[in-house]
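First chain A sits with chain B, and in the next complex the same chain sits with chain C.
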Partner chain A sequence: MSGYRLESVAQTDRVVVTFDGRPLAARRGESLAATLLANGVAIAGRSFKYHRPRGIAGYGWCEPNILVQTAQGTFPAALLPVADGLQARSVNCWPSARFDVASLLGAFGALMPAGFYYKTFRGPRGRLWPLFEPAIRALAGLGTLPKTEKPLASLKRFAHCDVLVIGGGPAGIAAAEAASNNPAARVWLIEALGISVTAAALRNRPNVRVLHDTIATGRYDGGLVVALERPCTGNLETRLWKIRARSIVIATGAFERPFVFDGNDRPGVMLLTAVAAYASRDKVACGRRVVAVVNNGAAYAEIAVLSAAGVTVAAIVDLRAKIELEHRNFAARNGIALYPRHGVVAAFGVPLRKIRIAPLDSPANTVELDCDTLAMAGGLTPAVHLHSHAGGKLRFDEMTAAFVPDGLHDNCWSAGACNGRYEQEAAEADGRYAGRAASAAAGFAASPGSRPEAPAPPACELLARWETGDGTGKAFVDVAADVTADDIRLAVHEGYDSVELMKRYTTAGMAPDQGRFGNMNAIDVLARARDIAPAAAGTTTYRPPFAPLPFGAIADFGGALLKPSRTTALTAWHEAENAVMYEAGANWRRPGYYPRADENLEAATRRECRAVRNAAGIYDSSPLGKFEIVGRDAGAFLDFVYCTRLSDLKPGLGRYGLQLHEDGRLFDDGIVFRLAPDRFFVTTTTGNAEACVQRFTYARQILRPDLDVHVLPTTEQWADLVLCGPRARDVLKAAEAELPADFGFMSIADGRIAGHDVRVARAGFTGEVSFEIFAPASAAPDLWRRLLEAGKTYGLTPVGSEANHVLRIEKGYVSVGHDCDGIADPDDLGLRFAAHIDKTDFIGKQAVLRNRADPDGRPERVGLLARDRNFVLPEGAAILKTDAAATRGYVTASCWSDTLGRSLAMGLLEDGRKHIGGDVAISLPGGIAHATVVAPVFFDPKGERQRG
Partner chain B sequence: MQLVPCPHCGPREQGEFVCLGEAPAHPVSHESLARHLYGRVNAKGVSVELWWHRHGCRQWLRLPRDSATNRFAP
Partner chain C sequence: MAETTIAALPPETLTAILSPLRPEAPHLAIEPDLSIVLGPCAPPPGGYAIDVTHGYVAFAVEGPGAAELLAQGIALDFDRLPADFAGRTRLGDISVILQRCASGYILRCERSYGEWLAGWLAEALRIRLLSGDI
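After this line comes the complex of A and B, so read on.
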């Protein structure tokens, strides 16, 4: 193969690119594939499995072979526009494409049939896979990931339009023109290739927008199309479009079908349309001596294009016996040798040097032809991918031997070649109709009339035969996935005879080109092996993406924009105080601990714990879930949603309440306060604040629409400052708090602190005297500062969630999510006091009743004291019975308690409460630790401190 | 990504919604507990599903949808 330029490149367009270290002269904007061909680079890469030398075989997204590596990632060479200084390398070869060490694999090709890796390494006897996997993985794959953190400058755009036309060929342009006749209709046209053939008629229409260099990669439900734009100018690498259209016209054209014979993957064996396109569009001749092999008359038009462009066509091999007079005349006039009723048996040379052809009826009478390019034209296959993606049906068209769209799908019309209308006039008529119909469906035109009839069978018919080899050698059906015709026959022989099974067993159609090159021939070989019609064999399911999408285009590098953090009113203060911030609940940022000078996590946590037990602490609990439940039936509603009875609560008081899943597991806990007969203030855990919105609205709207109640989430509106510790009252006094005189444990009241209106509750999670101060978020920063100031003399210390964790374990409080699993119900967790299961109905009642009917063997919450008091048990460690190896439970929470001067833990243990006082073994990575089972309260079991 | 026909907000992207699937029957009895928790008809064809317009009107919707065509019934 010795390509060259048919025209010299204009001075202003000349650029230099580097391929495998070799500088190549290029024309700005052409594809790298065209550059490679123009510079005579025949071997541009190695194949996926056998590492066979490969060259460019197709044009645009029909090119199956060559992917190249750039700094930005791996790209199909035929879709990579050339810019000055572009540096590309061939992939899947070492040290270079021309000489690749791993190509020795090809010599063992006969030993690597379909399913080779599975049979050899993973079969019933195959224990070898783990041993060989690293080496096999290193050999497989195409290209490497870019090392930079952000490989692509990429954008995402979202758009809506009335009619979206995909494809800028004759049918697409006719469709866009017809659809945009009503100036109110917003029409978008997506154009895949850099060369713009957009009709002048569209340019002056303000209601038409054309996206160039953009390829639609998928169609989804509801008229959603995803498209990848690669702007040829500017710094942007890609732009991912998500376009929602009322109706869609697919005019994606068709691609050419190759032939199947020994060596049909050799560099120089190409598709005829590609050879013609490089000549007519890029002014590049693929070789000096071209032979064409065809099985249909339409291909002669492409050969004429080649000849007209000045490319030497030496011979035409036509599978048909009866060749139209005009085509015979064309060959004679141009001095092209014509071989009717012949097929290609084999190709030779790397790059291609000659081919062997033989009459289809007498294979022995072979003839050899010298050539450096073989242009194959096995008929057209409509690009039905986008039609199929969202579920459109296909039917097999006998006349063109291809699958075509069967009927309308989801306001989506296929038109032109992708609908089996290949001739320009027919395609344009089809496009005009589709454009009118799409416009009408979007509400911008009257009824489009009837669809134009399919054109009469073309005078030049197609001979439905593609495999012309003699059955020896390597005849590929899918060059991109390195699948041969023999692989497919073997798959059928071994029972993988449905098209879907064959695909998975052989990997035909699963390479980056998604079967565009080989899918139809794979179906043909399969159908003949099973002696059925191709229509009966069917086709595999087409799935997005149609063309490779770089991860950089899909991935979002937005970080904080993609998943924004939620900040409390005090987050800025915490960060200024160097707090280590944790994520809590739905992306809240909350202090974990406030390390001083050289404190680590443990030291800071101990200091904060001591402050709460001996003086006072203050904690930003603002992410706590908060709701107001209002209405005549608010009490009845809460009785239904909670398994705790709440309707008899007196105004001004709160009660610890439990919510269950439908299957009886604990879902959430929190304190519910009654503000007035028809008004409750409900707190939920931070983690379930969002889930409770769903649960409460579901209960109100779906389960109990009979109740007169409103649900108002107020999590963000209230800041929650928890002031706790034996000196908490002194701090409040110093902060000039105005609160009711008899403000007992579990009370709630409105009041004033440091000049701010607040709602205060006597509740907490630390076991000390505790005030939850709910203040409007806007007042929280000032209130927090004033409280800290007032508390200075009393040792008031800001504490984080680490200290809270220790303090609540000392008290044996349950932390939902931490101490529950997929089985535990309130009884198991020791929360029977809050479960009023005799109530008429509540969510989870029947399941709890069933659990309680068989109370043995349930996981029960217990305390665990390690025998070595200095050893902190790891959370999640398995609890074993001392006499058996079997797991009986696990450690749910564990900490070092400075208050008690030893380690503490809680766990769920099978029939745990029966084992209190007994010993268990805890499984550790290095052995066993022993622990005593105790009741899960370690500090102030009577709760005198918090009531005090 | 489907468009969900919200009767309050109009057609909106599926991502705005939470789909709960087939609506379980209420109230739950001792006998119907297992079916309530785990039994779903999963019919081929139209069935009524529960959708919650989480990032919209926050209303729970009962929407008939065809599991064979993946489309909401008109």
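After this line comes the complex of A and C, so read on.
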């Protein structure tokens, strides 16, 4: 293979690129594949599995072989436009593509048949895999991730149009023209790389937008098409389009089909359309002596293109016995030797030096032909991927020996070659019809009438045969995945004989080209191995993406923007005070603890706990879910949604309430306050705040539409500052709080603190006197600062979620996220007091009744005191009744309590309350710990401190 | 004048009106029975008015490229958006209230997402500038 340029490159377009360290002269904007061919680089990479030498075989998206590494990542060489200074190197080889040490693997090819990774590495346990693993991992994969930050950006863009035409060939252009006749219709046309042949008629239509250098990678339900634009304008690397269209025309053309024979992967063996495209579009001859092998008459048009471009075609090997007169004359006129009824048996040389051909009916009579390029034309395979992605059906067309779309699917028409209409006139007629039909479906045209009939069988018939080798060497059906015809026959022999199983067993179609090169030949070999028709063998499921998508194109913005995060009004203060911030569910970030100099997590947590128990603490509980539930039937609504009776609450008071799943499990908890007869203020957990919005809405709109009630989430309106501890009242007094004189436990009232209007509730999660101060979020920073100032003399200390965790365990409070599993109901959790089963109805009532009827064996919440009081049991550890017994529960929450001078834990234990006073074993990695089962309230069991 | 500008808007008074009847005051329709009114508002007959002034932050995205910029994260068909459109939609993974106005769009989000959204808008503008589309 010795490619060269058919015409010189204009001075202004000359650039120099480097491949594997070798400088190459290039034309600005051409693909790297064209540059490699023009410079005679025959071996440009190594194959995936056997590390066989490979060269360029296809054009654009049809090129299966060569990926290259650049500073920006790994790219298909046929899709990488060159610019001055581009540096690329081959992948999957060392030290170079020409000489690759790993090609020794080819000698052991017999040990790596299809599915070898399912079969090997067995043996003495634990001995062989560690030996193989490092080598296999080092050999696996193609290319490496860039080590530096990408210099270019990717843009994602939603878009809408009325008619989307995918494909800029004859059918696509005709469809876009027909669809855009009504100027009100927004018509978009997607043109793939190298197919920029937009008709002049479209250029002056303002209602037509053309996306150049863009490939549609997937079609989804509802008219959604995802498309990748690359290269882009400016400094963009990619632009990912998510286009919603009211109707779609798919005109994605067809792929050329290769032949299967020994050595059909050698550098120099290419597709005929690719050899013609490099010659006609890039003015690059792939070789100095080309032989074409064809099984259809249409291929002669491409050979004519080659000849016209000045490429020497030495011979045509035609599998057919009966060759059209015009094609015989063409060969004679151009001095091309013609071999009718012959096929290629084998190819030789690296790069290609010669081929061996033989008559199909007399394989022993071989002839050898010298050539440096073999151009294969095995007929066309419609690109039905986009049709099938969203569920479109296929049928097998015997005439063209290919699968074609079977009818309309979801306002989506296939037209032209991808619909089996290969000849230009038929493709254009098909495209015009599809364009009119799509426009009509989108409401911009009258009915398109009937579809043009499929043309009569073409004069140039196709001989449906592709495997022509003698079976003595490696004949590849999928060069990208290194899958041979023998691999497929082995899969069938071993029982993996359905097309889906064959695909997974052999990996045919699973390489970066996603089977575009070899899928039809894989199906053909499979069908013949099973002695069934290709139609009966069927196809695998087509799934997006049609072409590889860079991660950078899919991912959202990076860094802190990658995932939305939520800040409270006090986040800036927490961060300024060096709080260690935790992710707290629902995208919130909250302070875990506030370490002072030299303090670690444990020390800071103990200090903060001591402050709450002995003086005063304050924490930012703003992420807590908050709702206003209003309306004449608000009480009845809450009685239905909560298992707790709430309709009898008096204004100004609150009650701890539980929400259950339909199956009785605890869904959420919180406090419900009544502000007025028709108005409630509800708090929920942080993590379930959004789920509560959905639940309240569902209950209101679907389950109880009879109730007059409205729900308003107010989580964001209110900051929640919780002041707690025995000196909390002193702090409030110092902050000039104006609150009701008889402000008892579980009360709520409006008031003023430090000059700010606030809503205050006497509730908390620490077991101490607590004031939940709900302040308008904008006022929170000033109020927080003033409270800290006022509390200085009382030891007021900011407290994080770590200390909160300890304080609530000491009090035995349930944390929904920690202490509930997939079974526990309110009774199990010791919250029976909050489940008012005598209410007429509530969500989960029947499940709770059922559980009460069969209470044995339920997981019940208990306290656990480790026998070694200094040992903190690990959360999640299994609880065993005896050292060797089966698991009976697990530790849900555990901590060190400075207040009690020992470790504490809670857990869910089968029939737990019956075991209070007894001992259990806790399973640990490498051992057992023992603990005593106790009631799950360790501190102030009568609640005198919080009521005080 | 820049092609697209982004500006955080000063605090504004917002009132949630809970009533199936739409208020007459300038409002953003959010749910079947929920409107956010710009400014203070008395409750309608049989309805409720609740202050939500502190629950939202707002950004103005203005200029001829405003829709293109927002289309990086919002899946709406901006070409067909009514001139007086206002409603809840999604920008990436968060819920926003989008309002179309004469000079472009006003984007409101829950206060807690304000910092993230400001960063998102700035990055979207940066990438738009890189794209050369302007």
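The criterion applied here is as follows: the second predicted complex is superposed on the first by the 912 of 948 C-alpha atoms of A that agree within 3 Å, B and C clash if a C-alpha of one lies under 4 Å from a C-alpha of the other, contacts with A are read in each partner's own complex, and residues count from 1 in each chain.
One rule holds for everything that comes next: a contact is a pair of C-beta atoms (placed from the backbone, for glycine too) under 8 Å apart; a residue touches a chain by one contact, two chains touch by 3 or more.
The structure displayed is predicted, hence computed values, not measured ones.
With both structures placed on the common chain, the touch criterion links A:V630 to chain C but leaves chain B unconnected.
Within the superposed three-chain model, A:L849 lies in touch with chain B and out of touch with chain C [touch as defined at top].
Of the two partner chains, neither chain B nor chain C is touched by A:R465. In the superposition on chain A, A:H160 makes contact with chain C only, while chain B stays out of contact range. In the superposition on chain A, A:E716 makes contact with chain C only, not with chain B. Touch counts on chain A: comparing chain C and chain B, the chain ahead is C. After overlaying the two complexes on the shared chain, residue contacts for A:L561 are found with chain C alone; chain B is out of touch. Overlap of the chain B and chain C interfaces on chain A comprises residues 244.
For chain A in complex with chain C, the touching residues are 152-160, 186, 232-236, 239, 242, 244, 556-557, 560-561, 563-569, 588, 623, 628, 630-631, 679, 710, 712, 714-718, 776-779.
On the side of chain A, the complex with chain B involves touching residues 220-224, 244, 391, 410, 662-663, 693-694, 697-698, 701-703, 841, 845-847, 849-850.
Chain C meets chain A in the complex at residues 11, 16, 18-19, 33-34, 48, 50-56, 68, 71-80, 92-94, 110-116, 119-120, 123-124, 126-128, 130-133. The touching residues of chain B, when paired with chain A in their complex, are 1-3, 11, 18, 20, 23-24, 26-30, 33, 36-37, 50, 52, 54, 58-60, 69-71.
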